[in-house]
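Each chain gets a letter, A, B, C and D, in the order it is written, and its residues are counted from 1.
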Amino acid sequence: MAVDLSVTLSGRTLPNPVMTASGCAANGRELHRFFDVSTLGAFVTKTVMMDPRSGRGTPRMAETSSGMLNSIGLQGPGIHAFVAKDLPWLKSVGARVLVSIAGNTAGEFADVAKVLVDSDAFDCVVGVEVNISCPNVANRGLVFACDPLASGKVIALVREQLPRDVPMFAKLTPDVTDIVSIADAAVKSGATGLTMINTLLGMVIDTDRLRPQLGGITGGLSGPSIRPVAVRALWQVTAAMREGRFLTVPLIGVGGVRTGRDALELIAAGATAVQVGTATFNDPTAPQRVLTELEALAESHGVARISELVAVAHDRMVIP
Amino acid sequence: MSTATRDSGVVQVRGEVIAIRRAGAYHHLTIVAPGVAELARPGQFAALAVGGPTTGNLLRRSFSIHKVSPSGTYGGTLDLVIAAKGAGTEWLTALRAHDTVDVVAPLGRPFPLPTEAVPTVLVGGGYGSAPLFWLADVLRERGCTVEMVLGAASEDRLFGVVEARRAADRVTVTTDDGSAGQRGWVSDVLPEVFRRTGAPVAYACGPMGMLQSVTRVAAEHGAVAQVAVEESMACGVGVCMTCVMPVRGKDGVTAMVRSCVEGPVFRGDRIRWEAFHDGVCGVPEDAVGAPKVGGH
Amino acid sequence: MAVDLSVTLSGRTLPNPVMTASGCAANGRELHRFFDVSTLGAFVTKTVMMDPRSGRGTPRMAETSSGMLNSIGLQGPGIHAFVAKDLPWLKSVGARVLVSIAGNTAGEFADVAKVLVDSDAFDCVVGVEVNISCPNVANRGLVFACDPLASGKVIALVREQLPRDVPMFAKLTPDVTDIVSIADAAVKSGATGLTMINTLLGMVIDTDRLRPQLGGITGGLSGPSIRPVAVRALWQVTAAMREGRFLTVPLIGVGGVRTGRDALELIAAGATAVQVGTATFNDPTAPQRVLTELEALAESHGVARISELVAVAHDRMVIP
Amino acid sequence: MSTATRDSGVVQVRGEVIAIRRAGAYHHLTIVAPGVAELARPGQFAALAVGGPTTGNLLRRSFSIHKVSPSGTYGGTLDLVIAAKGAGTEWLTALRAHDTVDVVAPLGRPFPLPTEAVPTVLVGGGYGSAPLFWLADVLRERGCTVEMVLGAASEDRLFGVVEARRAADRVTVTTDDGSAGQRGWVSDVLPEVFRRTGAPVAYACGPMGMLQSVTRVAAEHGAVAQVAVEESMACGVGVCMTCVMPVRGKDGVTAMVRSCVEGPVFRGDRIRWEAFHDGVCGVPEDAVGAPKVGGH
């Protein structure tokens, strides 16, 4: 019997829970050579800011054990070019789009959101992902998502720009002492959902040249190596919501998903939807393959709806 | 076996190694990879997954396509020339006949071909010569004459000297240590080659330093250099933005462009060579969206 | 030409910079079947607390991509049995011992240190590693090392118990927003060095049973997968010390070291010595092999003393 | 090849696979592993590294030693019986002759042998029978009679039925689905076997549930069960503390002991079976250092 794969995220129903991860799929055209991107639950675009950005110098990557470091520096065309070219293309192929936005200041986030909302192709947008895991120019470059106050401020300002019915996900960094307090602040400030996790801050040293391997010195660690951290973050925030510490909102899981089994792991920990990032570099069809594998796995667990598996592990603990 | 990929000029296919043999310091692999040969052009590359099912090495490794053959006893094949230098290339060069390997190809932009029959110069450094023999064949089919210059650190690091004699009208070999051909660098012999041939175009593949000097010498002789670059690539298919380099567009504006989709072949004079320094490349101040002073 | 491998850690000179990691080598006897543990720079013992502890139920481990999770729960014989049996044995084989201690409360840390100092075999101890990455019973189980104040208090109390000339290393967790502030607090409170990093908090869900795989639900993530986080932590703290933000003390690097090249990476980032943990489970001779490989690598870099490579990457950055 | 390991009863050696063949649902590997045969006793196990140089699977996999032979055409060999169930065992069972694999062996405590010639019962579940044939040989050398009971879910999951007929005085086979031998569990036939033989000791290897019932039935017949357990192991050599289980010592005190060094063979009546529940094992309240209420 076919499993109903549809999931509802803050009022928007998607045909299935699998998405690309921001920055790991560009804006769609490249992957569309390998599979039809409209078959995914949603397509998540590369984080876009107000102005065009060159990003950092190179090298921008280092392979690590079961993962990689990147220091792209949010290279992108700027929101105006994005809404003029990328978003209409995604709409033209029938994709449901989760647009990732960022800013150097809280105000810039809101400005980017405004341009997006006013754009022609906005009706293909099923939500906005607010990438608060980027440096706050006003606070010595401290990442917004490391501080509940700064996080809350960004979310509140973006919320004002978005129509009420547009879902807004705050994307959190795991590089904090207490991710629950950041989640709490984001939800209280109006996030209708949370995406977890962004990359971990890491570094690789080139042992031949004895210097940092990345031009940007530190970079973001991603890939299967970090999946246990993503699962833990989803678990903690789900547990906090179940305890009623703040409003229950849907979570989007991301971090190290390479197979349908990995996706199920994040779902069982609390994610309603799942993004596939670095695995796409290993296999350009990864998001689609993960979806197929996840479907088969859900079927083998005998559920009628994939949503029955969301957070299921919280109810299945064995206390001997 | 091969994944039909939406008429998009690229296939992903589980290839089968049918031959692997040493060639000096390199390994020459022949892989059955149906669908690649029909699409590939000289200068494009293939991205291979490495390490097998339990691997901790997730990123694909990129290699210039040495040659392709659309049909054969086993179906279309793809040939690569691989230098073992790290975990991934060591795994690839340890493959045995009938082992399988996941291939995505062809990728990137090929060498642009001259519209007329002109003399051409092809310059290869180390394994960088791999894509040039096939290019030479295509150029000669179009009536171009082909003069080849192959350079390497030492004789074992030259690739294809014998094949060059077949594929080109004339061949010059240089090695840093003089173990084969002339002692020195390809840039030492290039001025003479350009003078002699009057070639308006040079094609080059090899280390960045070599590509830069080919570009310079070509310019000095009024020629355009088309160079195939090698920048660290995480995905090879255009989605990660790791492989960028500063390149001036037709409009004169410099942008950090992806060498995997807008390259690997660029006009040498469009590359902002001065931004490269000892394995690191900065963002030129005048590049689109470059960090402002005090800014990001 | 042979490289001088000796390193000095807070006044104690060790023949080389390679150590076992606490909890990854038991207390010596088991590994001594594979190589002579006295050949290492130091042997780091399993964290010991005041009383015997059973540790947690099982499963206690989950393999992860290029790493593993553990939830042992600090099983151990208690400090009295440790000084009666384990320490004398280590002394008898000529090992230099770095003793890892912990407590449920700041006071317990000090009590454990006192028993250790008063013990007969104390002269083989080249330092004490204070494992503050464990839960503080007095503060809702929050890990000491997540809070600068709690960290400082433990360190100050242990310091009082140790003779002046006994090096004391505070072992830090990477699960904090700002590891430099914890390092700062530990050094200001009397730590003569820092060990970085302990495991990252992670979790694995068994996707067949759809429940947490570990009996203890969450566990500590270790192995090569976390090395980029260790390198980054060492780099940040070293950079802060070089900027004069607090006293410069030696760092012991730990996290994902499997080869001599990995050890060199941590050294180049700022570590004076290096511990080999999870890799020992893959290869019981790993600590000794890492030492051999590190020596060859140092030689290939043409240095006379390994100490010349400590933090070398900070001086070799290329700013294009 | 073999690392001389300090006369410590264990070697680490780069083994070479010389034969690999299917045996029902399992793979039977023969590995040249010099030094192991001289040290090993029935009931001990070997820990193998998996995945090769690029692997992301770091932990060793443990397998009961099926048999050893000190010399031969290739030097001492080690035989293992492996069920492919996850990444590591899939890699191992895909090895080909002449591939190498890092082996640490022998590990753990062997089955204790009776000091007198007594009747014995050997019970194997699935691949758990692997170490029992060698044990049977050793027991019979000592004058003991050996009766074997082999059980599995289905016929293909039985291992060594033919070998059993050679090694034992009498063999009973059970399968859950009745595809071979008697339909049912080994515990269904055991009472009768104990009654018939009057054996004072039983040796068992297999799933935990089976070991528990062997222990129970043995006790009901006044016999002692020596059982080889299987607990998740990260290191196999005693340094990680992941493989513990609650076992009562001679002094009656329960402790969480490492099954890799103090086991894998334990007296069944010393194991605190009631602490195990559906794949999870708790710490009995009376165990040494058990968490106090409200404590750690």
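Here is the rule we go by: contacts are C-beta pairs under 8 Å (C-beta built on N, C-alpha and C of every residue); 3 or more make two chains touch, one makes a residue touch a chain.
What you see is a predicted model, and the numbers here were worked out from it, not measured in a lab.
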Shared chain contacts [subunit C and subunit D, defined touch] = A, B
Intercentroid distance (Cα basis), subunit C paired with subunit A, Å | 34
Separation of the C-alpha centres, subunit B versus subunit C, in whole Å, is 46
If you average the CA atoms of subunit B and of subunit D, how far apart do the two points sit, in angstrom?
-> 55
Multi-partner residues of subunit B (at least 2 other chains) = 56-57, 275, 279-282
Could you list which residues of subunit C touch at least two other chains?
-> 57, 65-67, 209, 215, 223-225, 318, 320
What graph shape do the protein chains here make by touch: line, ring, star, complete or other?
-> complete
Which residues, counting only subunit B, touch subunit C once they are in their complex?
-> 56, 275-282
Residue numbers on subunit C that touch subunit D, as the complex places them = 23-26, 30-36, 46, 51-61, 63, 65-68, 70, 72-76, 78, 104, 135, 137, 209, 215, 223-225, 278-285
List of subunit D residues in touch with subunit B within their complex = 50-57, 87-88, 90-91
Listed in rising order, subunit A residues that touch subunit D in their complex are 65-66, 224, 318-320
Given the complex, residues on subunit D that touch subunit C span 3, 5-6, 8-10, 12, 49, 56-60, 102, 104, 231-232, 234-235, 237-245, 255-256, 261, 275, 279-283, 287-291, 295-296
